[in-house]
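Two complexes, one shared chain (subunit A), two partners (subunit B, subunit C).
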Partner chain A sequence: MTQSVTDTIRGLLAEHARLGVDVSSLSDTDDLYGAGMTSHASVTVMLACEDEWDLEFPQQMLKKSTFASIANIRDALSELGVDGASVASA
Partner chain B sequence: MRAPITAPRARTGCDLQRIDDVTDAIRDFGDRYLDRVYTPVEQEAGRLGGAASLAARFAAKEAVLKVIGTADGVDPREVEIATAAGRPVVHLSGLAATLAAAAGIGPIDVSLSHTGDCALAVAVALTDPAQPTEPTPAPTTEPRDAP
Partner chain C sequence: MSVAGEQVERTPAPYATPDDLREALVDGGVIHLTAVDGVHHRSWAWERVLRGVEGHVMGKRVATHATQRWFPPIMPREEFLKTDYVRSFPDLVGSIDVFTGGDKEHRALLEVLEQGGDWTAHLTPAEVVLPSSVCHPLYGTLAQDVPAEGVDEECSGWSFRHEPSLDPARMQIFRIYEFVRIGTPEQSLAHRDDWLQRGLAALTELGLPVRSEAANDPFFGRVGRMLAANQLESALKYEMCVDLTEVRPTAIGSSNYHEDHFGHTFGLHLADGTPAHSACIGFGLDRITLALFAVHGTDLDAWPEEVRSALAL
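Here is the complex of A and B:
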């Protein structure tokens, strides 16, 4: 079974976001900054997403809100054309 | 009636950055991390000073963005922390420069420091009184702190 985009995002967050809590305890809409993610960690999460899906976040998407939750990251990936990132298929 | 207060107002920003996080980012993403976050001038400082220097510069970028008031849409490289005569100097470009100008923010000064674990930066600037960013408080005849 193929891993869902959401599961992959959770895996990348576990590896790079330096959260103060277990990623599995977070809902898709929980505030990642509130869970301990720093600005620097959001950069490494962005780079990890770029590596995973072979894409590049354009400058206009370099916003705090883009990486504020799992759902927001998924929405950004959907906007960038990642298969399976839209809410309907997540 | 008192004249409106027109003196420049100070804005400050600060940030703290773990040095190990920068070390790990270099290990995990290499030049992609360096090229996406730091200008060539900053990378040269990192070549000489290591991850601690880069962490201090990242903290300074964040501190400067706190002074400006937003980081949305700003490329990290648009806030460059260079060095002149042994002191860090802020060079803004692109959207960062546009936002700072729109907010009436003058030249931004920064100070950097680090220990073995963390780097710290503080940024300070004066705002142009002709472009107030906060409502001027109504004058009071008897300040609460008056003796």
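Here is the complex of A and C:
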């Protein structure tokens, strides 16, 4: 299950993050901003996640670090109760 | 940026409140108020100072090959939409409507007008809007292939933001002089940081107790809160601030790194095909003029000689 949430995040990043590198070359903990994701692009990723899982990130999560890596995004989704996002369920 | 956040002794603000400052400017004949908050008429004294400020700032130019352009206070609607301003700041936008009908439509408009109704419903959006920032009309007119050495541009013009206020610093329409560079991330960041230091020095020469502060733009709504937090956290924007009243600091200029935002939306790209990055420093000509009158008083003849000299007064 974790794999599928991660894959979906990777798919959303490929579509919206405008990274300078191929998403498949990044590990789950690599810094997405370091890989070229800009502030505006991170907002697009945030909105794409909300659409994908039909949720709304609370205000305290609307910050740079929440979207800094695939693992961080997965942690945030886990916190919001997305099935399969928790590492423990891997 | 070493200057941001440093604890330095602040010069006391010359006025207690924005109301006090506004009254002093009106009493001194420097500005004249209108029926609308944030729209005031400038005196010749104001204009002389403003032109002096523009000349002073232009005198600091380093990229002497940069093209200089003075923009009209309107810009093409299509290019404005590419800036994404409507997405980020819908509450500040100014769009222009015009009448395109014939006699029949004119009669219908007048009928509504005479009845006290909304006659503007009989207008249609024009091909132009009011620029929200002075560099916005620039990007759509540049060659899309950005050379290895980057592109330096200078522009001066009007900027409209709909935020009516009695604070004389919060004008609805105002002028900015900008130094813009489009290039690699490194070239853009260097431009922003070098110019921030140069800008602070230029304003200090005018006797303004200016400092830099990390800042964020007033992005709109929920998405805007994330953009603002990101902007602050990434230190993309610095403002050059001065205390004119005890209520709040007044930003009289800003130094901004746009990342690839304009490169992406306007199709400006580097040799490797990736979107170009950009940075600009804006000198708020009307705000600097306001600051000079606040700090040095409303009588130009009484200003320090070195300030008068720097402004060619």
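Keep this in mind: the second predicted complex is superposed on the first by the 86 of 90 C-alpha atoms of A that agree within 3 Å, B and C clash if a C-alpha of one lies under 4 Å from a C-alpha of the other, contacts with A are read in each partner's own complex, and residues count from 1 in each chain.
Everything that follows uses one rule, which is that a residue touches a chain if its C-beta (ideal position, glycine included) is under 8 Å from a C-beta of that chain, and two chains touch if they have at least 3 such contacts.
Because the structure is predicted, anything quoted here is derived from the model rather than measured.
Participant: With both complexes superposed on chain A, which partner does A:39 reach: first (subunit B), second (subunit C), both or neither?
Facilitator: A:39: touches subunit B and subunit C.
Participant: In the superposed arrangement, which partner chain does A:20 touch: subunit B (first), subunit C (second), both, or neither?
Facilitator: second
Participant: Is A:60 contacted by the first partner subunit B, the second partner subunit C, both or neither?
Facilitator: A:60 sits against subunit B, while subunit C stays out of touch.
Participant: Per the overlay, which chain contacts more subunit A residues, subunit B or subunit C?
Facilitator: Higher number of touched subunit A residues: B.
Participant: Scan A:47 for contacts with subunit B and subunit C and give back first, second, both or neither.
Facilitator: In the superposition, A:47 contacts both subunit B and subunit C.
Participant: Both subunit B and subunit C touch subunit A; at which residues?
Facilitator: In the superposed arrangement, which is not itself an observed complex, subunit A uses residues 18, 38-40, 43, 47, 59, 62-64 for both subunit B and subunit C.
Participant: Show which residues of subunit C lie in contact with subunit A when the two form their complex.
Facilitator: 84, 222-223, 225-227, 229-231, 233-234, 236, 259-261, 264, 274-275
Participant: Touching subunit C in the complex: which residues of subunit A?
Facilitator: The contact residues of subunit A facing subunit C are 18, 20, 33, 38-40, 42-43, 46-47, 59, 62-64.
Participant: What residues of subunit B sit close enough to touch subunit A in their complex?
Facilitator: Subunit B reaches subunit A through residues 15, 17-18, 21-22, 24-25, 28-29, 32-33, 36-37, 58, 62, 71-76, 95.
Participant: Using the touch rule from the top, collect the residues of subunit A that touch subunit B in their complex.
Facilitator: Interface residues on the subunit A side: 16, 18, 38-41, 43-44, 47-48, 50-51, 59-60, 62-65.
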